[in-house]
Every structure is written in C-alpha cells, then in structure tokens.
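Have a look at this one.
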Amino acid sequence: MRHEVRFSGFGGQGIILAAVILGRAAALYDGKHAVQTQVYGPEARGGASMSAVIIDDEPILYPEVTVPDIYVIMSQEGFERYGAKAPAEAVMVIDSDMVEARPACRFVEVKATSEARITLGKVIVANIVMLGAVVATTGVVSDAAIEKAVLDSVPKGTEKLNLAALRKGMELVRVKKP
Amino acid sequence: MRHEVRFSGFGGQGIILAAVILGRAAALYDGKHAVQTQVYGPEARGGASMSAVIIDDEPILYPEVTVPDIYVIMSQEGFERYGAKAPAEAVMVIDSDMVEARPACRFVEVKATSEARITLGKVIVANIVMLGAVVATTGVVSDAAIEKAVLDSVPKGTEKLNLAALRKGMELVRVKKP
Amino acid sequence: MSRVEFMQGNTACAEGALAAGCGFFAGYPITPSTEVAEHMAAKLPKRKGVFVQMEDEIASIAAVIGASWTGARAMTATSGPGFSLMMENLGYAVMTETPCVVVNIQRGGPSTGQPTLGAQGDMLQCRFGSHGDYSIIALSPSSVQEMFELTAKAFSLSERYRVPAFLMGDEIIGHMRERLTIPDSVEVAARRRLEPGTLPYTAGEDGIPGFPTFGQGYGVHVTGLTHDERGYPAATNPRLHEKLVMRLVHKVESARKEMADYVVTNPGAEQVFISYGAPARSVFQLLHDRPGEEIGHLRLRVVWPFPEFALGEFPDAKTFLVPEMNLGQVAREIQRHTDVPVIPVPRLGGDLHPPAMLAKALEASR
Amino acid sequence: MSRVEFMQGNTACAEGALAAGCGFFAGYPITPSTEVAEHMAAKLPKRKGVFVQMEDEIASIAAVIGASWTGARAMTATSGPGFSLMMENLGYAVMTETPCVVVNIQRGGPSTGQPTLGAQGDMLQCRFGSHGDYSIIALSPSSVQEMFELTAKAFSLSERYRVPAFLMGDEIIGHMRERLTIPDSVEVAARRRLEPGTLPYTAGEDGIPGFPTFGQGYGVHVTGLTHDERGYPAATNPRLHEKLVMRLVHKVESARKEMADYVVTNPGAEQVFISYGAPARSVFQLLHDRPGEEIGHLRLRVVWPFPEFALGEFPDAKTFLVPEMNLGQVAREIQRHTDVPVIPVPRLGGDLHPPAMLAKALEASR
Amino acid sequence: MSFRDWYRADRLPTIYCAGCGNGTVINCALHAVDTLGWRWEDTIFVSGIGCSSRAPGYIRTDSLHTTHGRALAFATGIKLARPELHVVVFTGDGDLAAIGGNHFIHACRRNVDMTVICMNNWIYGMTGGQGSPTTPRGAITTTTPYGSGEGVFDLSALAVAAGANHVARWTSYHVKELTNAIDAGLRTPGFSLIEVLTQCPTAYGRRNKLREVSDTIEYLKTHAILLQRYNRLVAEGKPVPEDMFTVGEFVRRNRPAMGVPP
Amino acid sequence: MSFRDWYRADRLPTIYCAGCGNGTVINCALHAVDTLGWRWEDTIFVSGIGCSSRAPGYIRTDSLHTTHGRALAFATGIKLARPELHVVVFTGDGDLAAIGGNHFIHACRRNVDMTVICMNNWIYGMTGGQGSPTTPRGAITTTTPYGSGEGVFDLSALAVAAGANHVARWTSYHVKELTNAIDAGLRTPGFSLIEVLTQCPTAYGRRNKLREVSDTIEYLKTHAILLQRYNRLVAEGKPVPEDMFTVGEFVRRNRPAMGVPP
Amino acid sequence: MKLAIDSSRCKGCNLCMLVCPYRIFKEGKEQNERGIILPELDRPERCPNCRLQKLYGRTLCGLCQMICPDQAIRWDDEAKNERQKVEVEF
Amino acid sequence: MKLAIDSSRCKGCNLCMLVCPYRIFKEGKEQNERGIILPELDRPERCPNCRLQKLYGRTLCGLCQMICPDQAIRWDDEAKNERQKVEVEF
C-alpha cells in the first residue's frame, strides 16, 4: 500500500526534518520502502516550506508525489499552497495554532505549537508533536519505528525532549479518538 | 598553369613578406589567382621559416602546396628542411651567402645577403633581392606586378631602397643568364 | 566602389565585421585567431568603435554581451581553449537572447593540442558545449572571401534571431592569404526594437521578442534565470521553463529553411560529398580533377541549424561522404537524417585532406 | 558488516567516493550539488584526506588533476554552470590521461535556468563540451543506491582507463532520500603504474599507458600540447597528433563492451523504452502498472561510451522510446545506430515524466 | 522622487530572509543615486549570482543579472560601449572575490568608471552557507565544519593595490556613512569599490553565535574602527584590538580611468 | 650536482628567441634549488601556457605544463595532496596576472606553500606580442597599436595585499640577487612570489625602442632602485625618477600557511 | 505625516527597533497570516519626520526607513483634518 | 678548467659579453650553419673560474654561465698535461 505524506509549513518549523524522520522510520525500522523529497529554492526561505514522504511495502518506483493521502500542515500559507486542494479521501493533521482554514477532507486538529511552547517549553519541537500526531492518526509507521527514528535524528542531549514531544503528539490525537 | 613557390630561410630574413608580396603581385596586379600560406609555431622563432605561394590562372581549389616547382632558399637549415628534396623539374633560387648545399634540380645562385649589405647598405632587403631574382628567373609574375606589389607592401620611406633591391635581384640573374 | 585586397582570412573576418557595423570587440589573444583581434585593435578606434583586450575569454564574451545590451553590434574571436572557457556565458547569451558574434578559428585539440594547426574539432562543442538544451547558429567559411561574407552574415543572423552566431573557421582558412573583394557596403539585418507597451519577453509568431536596448527607458530586467515575459525570475515553475526553452530552441530550428545557405553541385550524383570549411577545397579539387564523373557536393555555409532538407537535393544519393577535420562530428548529425550510408572521412593533424585521400574514400564506398 | 542508511542521493555519492578510496576533493559550491562537497568536507579530514574549497570550478578541476598526478583518487562535484567552466581543463585531463571523477548533479538549463530543479540537459555537453575530438565515460544513477555504486564505479573506470569519468546525476536523485546499503568494502580498479624503462606515453595494446606518479623519480613531463611518447611537446607533427588523438579515443571506444552496464527488461518487446537516470523511475512505474503488456526497457547505467550493441538485445523492437529530461540528447545517439524509429520523449521543467505521459507516448507510437 | 521610487514595487517583498542586511544596502545605494539626481533611464544596475546579486531585480532601471562572478566584465562592456550610462554593480563576497576575483582586480586596474557595492557577509548566502574568501579564521560554515583555516581577503586593500580610484568600507549598520560613501563613489570618475559588511543571519549568524540579527548589528557597531583613528593609534604605538576592522575611505585618487563620459 | 644537471639536455636548446631572458631565470631558479639540496625526485615544476611557461619542459623533474593561467590551481592540488613534495611554478605576466589573476590572489590568500617565479616581460610573448596587464602605459603592442592606455599591475604589491608570505622582485640582469631571492622563497613556508622583470626582445623590445637585447638589459640595470633606497628617498622627501621600479624583498612574514609539510 | 509599517512587506526583523533614537518601535506580539510578528508603533507622532518632514521638505532622521531591509516603512500623508498630538521628549 | 661555448646551443645573444668583468667574450664574426654568430673568447684562461674553480671546489664569478639563457657556457676539464698561460690583469 502506497502512502504519500505531504508536510508543509514555513521555514524554521522543521518541516523537512519531520519528513526525514518519518521516511527513516519506515525505511530503517519498519522494513518498508520510503522516498523523501522536498522543495528547494530561494523561495523556500521566507515562504512556505514543503516536504513529502512516500511509504510503500513494495519498492518505490515513481518517486514523485502524485496525490497525497496524508497531509501535515503547520502554517496558513502552507495550507493554501499545498493543502487546500486535498482530495476528499485524504486525512490532514493540522497545527490549529497556525492554520485558520480547514480542508474538505477528514482532518485532525493539534495545538502543536502551543503544546510545544507551553507544555514542553520549546517551540521548536512542534514538528515532532505533529509527527506523533500523524503517526497516531494514520499508523503509517509503527510507534516503535518512529521513536527510534526520532532518537537517531535529533541533536544529542535533546532526545528526551523530542521523545516527550512525539508522545505528546500521539496522546493529543488518541485522546480525541473516542 | 599552377605554380607552387616555396620560400625558406630563418626568422628575421623576411621570408614571409617576400611570399606575401609575390602573392599580391599575382593576385592584384597580374589578374591571376594566388594563395599564400606559411608555417606558424614556436619552432619558427629560432629555426627555419617557411612560406609558400600558389599562383594559377584558374581559381585555386586545393590551397596546400604539394610539389613546389619553384624554391627560394635563404638559409642552410631552410635548405635542409624544405629544399633538399626538391624534384628534378624544379628550379631553385639560392642565396649563396647563406646556403652551402646545392640541390639536384636546376638552381640559380644569388649573393643576396652580401649584395643587400654591401651594395644596398641594408641587409634586411636581401629578401627583396631574392624576390627580384626569382621573378627574373621564372617569370612567375610580371615585372610590373612585382614592382607594384613591392611598393605597396614596404614601409613608407623605404620604397626606393626596396625597388633598388628588387631590380638588383633581377639584374643579378639576368646577368647570369647568357 | 569595392576594394580588392590580398588578405589573410583572419583579417578578412575582421573586415567583414567592420563592414557589418561591428562597433565593439572584446577579446583575449590566442593562436590562431589573434589576427582578428589585432586588426580590430588597429581599425576600431579610427571608427569610434571600442576595442578592449579583456583579462580572459570569460570576460571577453561577458563584455560583448554587456555591450550588445547597449545596442552595439559586438563580437569576440578565439580558438579552442578560449572557446571552452566561454561556454557558460554563451549559455547566458542564449537564455537572455543577446545578439553577438563569436569567431572560433579552430585549431587541433583536445586541450592545448596543436596551437598553430587547423582543425574542425569544435563543431559539436559550439552546438552542445554549454549546459542545458538550446540552439545556435554556426557558419563555416571555405575561403578568405567567405571569411568576410560569412562574418557579416553572422551579424545579420544573430541580430535578427537574437541568438549567438558562431563563425566556425579554421586555421587553414584563417591564416591563408587570398584575393578579397570588399564591397562598399554590406546589408545586415537590424535587431527589431521592442514595441512600447509589449512585455520584454513576449515573442510574436516567429518566437523572437523585440529588443529593449539599455538606456532608452525600457526599464528591463535581464536574467539568466528562467524568467517570465516581464523578464522576472520564475525559476521554480516547470511549465514556464519548458515554454521558454522550447521557444528559444524553436525560434532557431523553425527558421532552418530561412537561414539555410548551401551550395549544391551535381544533384544527380550517387556519391555525394558533404563538406564545410576548409575541406571543401579538397572536394573542389577532386571534382575538378575528375570532370567526367558525376560526383555530388553539398557544401554547407550554414552548418547549424542543420539543413537536413538539403540532403534531399540529392535524390539519387547512394552514399554521403563527409570529409571533416575531426572524427566525424557533422557526420553524426547527417546520420540522424538519412538512411543513405554516411561515411565520415576524418582527417586529424592539421593538414587538409589531400584530394587523393578523398578519391580513395570514394572508391572504397563504391 | 554493511551499514544501512536513509540518505540523500548527494550524500550517497560522497559516501560512494569515500568507499572507493577518494582522498582528495576540490570543489566550489553550487546548487543542487553542494551536499556532495559538504559531506566530503565533513568526512575527508577525519580520514586524512584533503578537502579544499577552491575559488571557482576551473580551479577545482585543476586542483583535482594536480592531486591525481600525485596518485590520489580525486573528485569534484558541480552542476551546469560550474560544469561549463570546467570544459577547458576537462580537455586537459583527457589529453594528459589523468584519472579523475567529476560529478554533475544536473539542473535546468541553459544558463542559470532553474537552479533547484532537475534535468538531464548536460549529457551531450559531457561528451562534446570541450574543444577537439575525444571520448569520455559517463554514468547515470537512477536511485540513491546507484548514486553510491556508480560513483564508486566511476573511480574504477577512470583509474583503469585514465580518462575523466562523469557521474551524470540529476537534482531529483541527488536530493531525494532513500534507503542506502553501504557495503563494507568496494572493489576499485587501481591505475596501472608505469613500468620502469617504458616511455611515459607508450601504450600497450589496450591503448592505456602506465601511470608515472609524481614524486617517485619518473621525471615525467606532462603537457596538454600534442606530445610524443616521451611526453615532450610535438605540436607540429600532423601524423603524431592524429595517432595520439586516435589512441585517446580508441582506448575508450574499443572498451565499450567491457564498460557496458545496462539492464534489459522484456527483450522480446516491440516497444522499448531506453532510459538512464531519474526517468528510469517513470518507466519502472509504467511497466509495473501494465504487467500484462510486454514493454521493453533498456536502462543504461553507463551512457558514454554508448553501448550501441545493447540495442540488439531487443531483436523485435519496432520503436525505441527515449524519455529524457532534455530535448532528446541521447536519443540523437541512438538514432545513429538503428533503423528502428527512435522517439524522443522529452520533459523539461524539472519534474519527472509522469507515467501517464509515457503511456501516451507508447500509444502514440503504436 | 525618493529612493523608494527606484524600487520595482511589484517585486517586493524581496526573497531575502528576515533581517538580511542586503535590503538596507540597496536602500542606501538608491538613496545616493536618487539624491545625486541620476535618471533611472540612464542608470544600469548589474550583478552576478548570489543573494546580494539579486538586488538589481528589485530596481526599476535597466538591469543585468549575469553569471556568477562575472558582473564586472559584463559591466565593463556596457560602460565602454556607452560611457554616458551610469553603471552600478551589486555583488557579494563570493561573487566578487571568489569566482569573480580576476574581473575584480582587472576592473580596478583598468579603473573602469563604475561603482561597485559589495555586500560582504563573510559567506555564500544563496547556496546555504559555505565558506567564502572573507570567512574569518575559525568560523563554522557548511564547508568548514571544523572552523575555517584559510587566509582572509581584505577586499578594500586588494582594490587599492589593484588600482581603483576610490575605495571605502562601511557596514549595514552605518546607513548614513554608507550612503555618503556610495555618493562619493558615484561621483568619482573611475572605479569605485564600496565594501559593506552585512549581516546574514541565516547562513552565517546562525552557525557563528550571531543567531539574532541584532547580534551581528551589535558586532558591526562595536568592532568598526575609523581608519583615521586606527592610523592614529598605530602611529602612536598604541594597541588596536585584534578583532577590530577599519571603516572609512581608503583611497580617493585620480588615476587615468576608462569609460569616463567625454 | 650543478644547476646544469637539472636540465633535460635532450631538449636543449630551448625554443626561446636569442637573447630571451627566460633561460637566465631558469638558470637562477635551478641554481637556487640545487644549492638548497633539493632532490629532483621530490621537486615538481608546474606552469601554465606562454614562453615562460615552457620552462618546466626543460627540467628533468616531474613537471606539469597545464592550461593558460591555471598553473597555481593545479599546483595547489599537488601541494595539498602531497605536502612533502616541493612545488615551484614558472609563469608569465599574462599567465599569472591576466587570465590567471584569480588563482594568483587566491593562492596568496591561502598562502599555499610554493614558490612562484614570474617572468614579467610586459607582454604576451608566445602569441606574438599583445598587451598584458603589466604593459607600461604608452607602450606599443599588437593590440595597442596606438600605445597602451590601461592601468598597470604591480604584481608584487598585489601579492602582498593578497596575503603571500614572501614577495620579492628582481630582474634577469641581477642574476645573483635573483638567485638569492628565489632561495629565500624556497625556504619560506607559505606562498612566495618572485617577480622577475625580463627582456623579450622579439615581442616587446622590437616595438618599443629596445631592439637589442642589451637595450633592455641596460634599462633593467639603470631603472631598478632598491626598495630600501626608494623608501629612504621617499621618507626624506627626495624625488624619485618617475620611471624607476623598485627591486628587493617586499615582504617576508609568517602567516599561517597551507600545504606545509608536517 | 504618519509613520506606517507595510504589513505585506515587513518580515519582522526588528532592525527598526534597534536604530530608532525615539524608541518608537516596540517588539510586536501578534503573528500575522504569514507567521510574521510585526513591530508595534509606540506614539509614532513623536518621530521628527512625522512632525517636520512637510515643514523642512525633506526626510528627517529616516534611520528606520533606511535600515529597514524590506522597504516596509513609509510615511503617509495624513487625512487633512486629522489632529496630531505631539509630545516631545527630551 | 676550460671555458667553452657550446655551439649547438648558443644563439648569439651576446649577453655573456655584457656581464663578464674580464671582457673575455668578444663579438664574433663568423655565422655558423644555423645562421648564428657565436661570441669569441679572448684569452679565457684569464677567467678566475678557469683558474681557481678546482682549487676552491666551487664556481667563481660564473656570471656568464648564469646569465647565458641558452645554457651554452660550460667549463670542461682540461687534458691532464695541457699548459696554462695565466696573465692576471689588474
């Protein structure tokens, strides 16, 4: 089963790191195949940032994202550029602190930024909160895999914080699921 | 009738100028076709210098010299590199001040360098003396043409000297011809 | 009244440029092209033109492009190593649609190779030597007279199509002296000015936008980045890039017929030589020496864009023989366009194909 | 034990070089290749290797060549504009038979074009971009794993044949992350040393002379001028030049079979895709999505020297479809070698051919 | 007219990162050009490639955004072909002094009549933060992960040695002095270099303990020492702190120049 | 061993014109290398393209005759890859300072441990006499038929400004001083430039009233002024004739260098 | 004249804050739709340029405008009848 | 030791003439087969290097050899019994 996950937000939110971690989790710890790509370019500096991960049980042949089925949106502009046209079958995880709009598809709201700032004390882990949320929502990779991937992707000394953020994200979603 | 004239000597003797003047005479004043070529390259500096002129009544198609029928040789090294293999049917005009060897073909000896130095007072016109000699020997261009070509090729103020040199060369040969 | 001279090919090239109204020359000396620059250095200042010797070939072509944007007809001249250095900025000229003429008096390569001997080894380089896809114009003279004429024509084509035009000469023609007739005046197409109110990179049907000369209030932005019709960078829009590159290629390729300039001899022949530049002289000689035989000759004066339809001028052709002073560079292109066997007759080393060599190739191909 | 990573193509390329024993990297940053240099900057110093950022790309390839003469396995990495600047010194590497690996992570051209998007527009440039006639080796990876493997292989081929080897990647593969398995060790051919008593440019049957490493008492003179077997300049001897250039070309072209590296799928097919680099991924997808149909696929991992005999692997071929992220550059080469219709499927703009686009081309060609 | 009228409003905001000094430098340059009364129709901005080199694209005059490092060679062509046009070049430390170093010293030598404004941010900004010829020893960049170990160019000193008629250095903090220096450059016939030390928070600051924009501004403010004062200290044998850099006018002279309008 | 043993006897005589100063400079360089006791097996000569750049081809060591202007970049690769090798570069004014100017200033900046000997004959000799960046104002060359109108590089001053550890200038007349200066360069860790003003009777002298070899030698002899003497004159406010050039050691310092053997 | 920050241009770098001698710019609090926190203006009518630009016919001080790297600071003409409360601080 | 000019290398530039403090080199008269006029030696035994090189074990003066751009000047060992007439000038 091929999943296409699209992450978007603005520069500095760690959109790309989140995507890499997800890809890593799938490819190294879940025995799946994964391709991670991202948008480069000077435009990426100020404005919207985007990265995508394709995860599949079979080898990934065509590596470009066609129709994502999972969206992770962390800014209003990111929503407008990369999320607004999400098809009805998709699922979107939204940082509701940052995004006003809501899509036509199924979506989950996560107050990732404020949770990161207030509960965890570091706004920069909002992306990991989102990652936890998306894994909990979709199960696109296993919990064990994402934990391992987070652990070996974050700077030394920040493992605990990031793990807490990941779990916080999972929890926020699971709480919602009745 | 295609004539191929090969000039050779060492750098500084004006070998190339002589060839250009001959070509000019043919192309501009005798209504013939002419192609002048020369050897380039760092080697040309110290050692032998070579230039060739092809003169024909018809347009010159293939512009490279194949078997010259006229040789103008002004140094021993020039003789060795470019004149030694002259075919029997050729004619060679030799500066006998500079060249020890003699070819198997018909040849005319001209003391061009000493004539230039002693009679004309300027060793640098030895090449023009040779030019006079070759025209007188072969008639490859007309006397009028070569005179005009000399006149418009030499530095201003030296016309007389060069004309004298040209005539001297002609004279030296004509004297020899019985 | 026209003037008659006995002149070197390189000097004739410079004279052709001057006759075509070239007012700016920037260059860097290199054997065997240097005489072009030297003649321009002597002549341009007397005509209120500008000659400047730059610090290298990269700077030379850059200065030429800069000057061209002020409206000047601008040129540089070089040979292999310098030509290689120009590749990046030539791509810039293509992308920005800057008229300019680049003379390459080819010498033996690769690398420093044979600085003083002739070759035609840069024919594919001038076509493909810069990164990315593009098209250019290249002309190859076979005589001193053509050094003059085709240089002037290069200006005409470059100005009209807003694409670099290459005079792909060689040391043999560049260094030989022959009679040259210099006409009183030479007609050269002028670049079309940008209509006020039109966006600077909006092109008409022919794909060629009008030219917004600097200093005339157009306020145009010129960039080597992929740009929209305003000239503004738009380097992440795939379809815009596609459209731009397609237009740049198309404006040249679609004018192949208009630009074509070739000479056909014996169209009924079964064996046909295809030549350009110096080797044409060997073919001339061969045909002259064998008056009885019907041997065809297609001589290209414009090599790029390649006039593939010219092959059709020889409906009975059974073989195309392609003498080149390289390992068969244009022969490769010919092979793409015909089922008739194409036989490269390569000659390396700096001297022309002796006619006997062509005769041998002719026999062998029968 | 081999290591498994989730890695970017560019980083995998650097890892491939390190695995192949690359001890010297000189480069100049340029998008989208910069990560190759950055990874080397981080890794080489820890292995007693040398990383140096030069003042430009001309200097980068020059330093690489210099280092190679001391015996080092040396590499640089760049993209279009920088690649264009390297053309002169690449010719020097060819002429002096200097092993070196040049990575080109292709981006949209011409000129500055699309710095952050992928292309394959430099495939003919790497073959013909320097002046004069010559041959080189070029490899094109289609996955992150191949970025690693083919970089290592590029070293192997370059060392063995003493000719520059190009890793012609593209932004898509260069920037994507995939799983990469790094083996414990990689086998790389070593350059053969010059036998004492042999002249430095005397070549055996394979046309490849032994290598006289600097600093070992060979007292060799290395020049880009045409040279004799002693290595001494001999730039005015036509036949010597001819012989030298023919050897340089021949040693590569005659080893086409030895070097060939391609993957054949469905040899019995009538419709055959030929691909290299990123577009292979689109072809994979198409074939996967249409399991019932017999569609052929020839995937080239070594593009130059072109393995024309590989076309023969598809004896029933009725059309060759060639999807490239350029206007049909390798398609031109294919056209030279076959009477089967060759249909370029060009894609410009930076994104891959969607499989549907290939399907359409397939239908259209039926 | 104000300097703001020289901008292409339809292209703002720029692609520059928040707090990038380039915008400030453009303001100062346009202010100088504007108050001098130059007409935009007669003024050409030229640049190479880099963040700094994007500047001409935001200015409404004719402008040529060329290839990396080559701006001065293109500009030379423009200026020699039409000396009546004013030519101003925007460039960066990488563009001017790494790949473009040769055109730099030769334009100085020829003393071509143009004004070159170099945003020296000690880094390659556009490509994401590699070392440049002005990267300080020890600084961390993506290509000097263990600290830069190469020598550092003094761009102004190079320009003086190479023959430029006018050379000055200021910073993006010193907006008034910078504007005046550019004004002097525009007025001086011949080649003028105005080197501007500029903050690049994204590619340089972030990795070198100057994370906030204000950190670099503070650095520029506190480490600049006026040339005259520096010379006085040296003459008096007094110590000058190692990490200070001189600002001010290094040379203003009248050597023969090329491309000066008749 | 004598310096004569460093030549490839089988390649002599050189292609140089009679009276060309290049041969003298090579003598001095080989003498310095020889007396220092360097082994030819460990010494690499590198050059670009030009008459001067043909020098390595006459020397029996390993040698790399590269592309025009790029010698220093090639040499940098050699030296960084194997610092234990000695690297000496022969170059010309055109090779080093025209097309090669960027590699020149960057090799100085990096202070790569090598010795560069530049035969500055004020002209492009190899290509037949075009102007170079050191061609004096007013001089006639084939590309300046009405007299050169461009500024002139002071190569030594540029090297100092760019960061070289050792810079000296002499002439082909001053064979002893030149040999000593080269010796100092060879000994100094880091980059060393020895600029040698040299006669080119063929391409320069002939057109500039220095027809005889002895004319240029006479010129070099009478117009050289020792740096120390020049400085004294200037300090004393005494006039220095306009057309004199300084010779001597311009700098010898100990900045951090690259490629120094461990 | 009225000092204004163009919210479509400002990137929130706070350089204006660093240079204004009157401390007219204060750190903002609200993120706008582009994720940017604009500085806030503290009694901008204190700015000499607001008060005296018209009078002198040229820009006074102007430091904030000159340093603003995003051309986001401008002075607008005020509606004719708008009152100005000027409090000069020493 | 005996001073000698290698006629296969000398290009006749006369630089040796310019530098020899003993004026041992004189302008030549005869052109050789390559068109070159070699300088002539005037009592070369006066050269200190001829006399004393062996004694000091190193090159003395040597100016001519060092400046000779064509490596044409050398000192040959003399045949054992060859007599030397030394005339030192002051």
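A, B, C, D, E, F, G and H are the chain letters, set down in written order, and residue numbers restart from 1 in every chain.
In this section, a contact is a pair of C-beta atoms (placed from the backbone, for glycine too) under 8 Å apart; a residue touches a chain by one contact, two chains touch by 3 or more.
Owing to the predicted nature of the structure, the values given are computational and were not obtained by experimental measurement.
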Inset, instruction - Could you tell me which chains make contact with subunit C and subunit H both? - result: B, F
Inset, instruction - Treat each pair of touching chains as one step and give the shortest count from subunit B to subunit H. - result: 1
Legend entry - CA centroid of subunit B to CA centroid of subunit D, Å: 54
Legend entry - Chain centre separation in whole Å, for subunit B relative to subunit A (CA means): 87
Legend entry - Distance from the mean Cα position of subunit H to that of subunit F, given in whole angstrom: 27
Inset, instruction - Could you tell me which residues belong to subunit C and also touch two or more other chains? - result: 31, 55-56, 58, 81, 88, 92, 111-112, 115-117, 223-225, 235-236, 351
Inset, instruction - For subunit H, write out the residues touching at least two other chains, lowest number first. - result: 11
Legend entry - Where subunit E touches two or more other chains at once, by residue number: 13, 16-18, 67, 98-99, 101-102, 106, 126, 133
Inset, instruction - Please give the residue numbers of subunit B that touch subunit H in the complex, ascending. - result: 10, 46-47, 75-77, 98, 100
Legend entry - subunit F to subunit C touching residues, read off their complex: 49, 67-69, 98-99, 101, 124, 126-128, 130-131, 133, 142-146
Legend entry - Contact footprint of subunit H on subunit F as seen in their complex: 2, 4, 7, 12-14, 16-24, 27-28, 31, 172-173, 175-176, 179, 213-214, 217
Inset, instruction - Would you pull the subunit D residues touching subunit F in the complex into a rising list? - result: 23-24, 26, 50, 52, 54-56, 58-60, 62-72, 74, 88-89, 92, 212, 214-225, 232-233
Inset, instruction - Spell out the residues on subunit D that touch subunit E in their complex, using ranges where they run on. - result: 28-31, 34, 37-38, 41-42, 45, 51, 53, 55-57, 81, 111-112
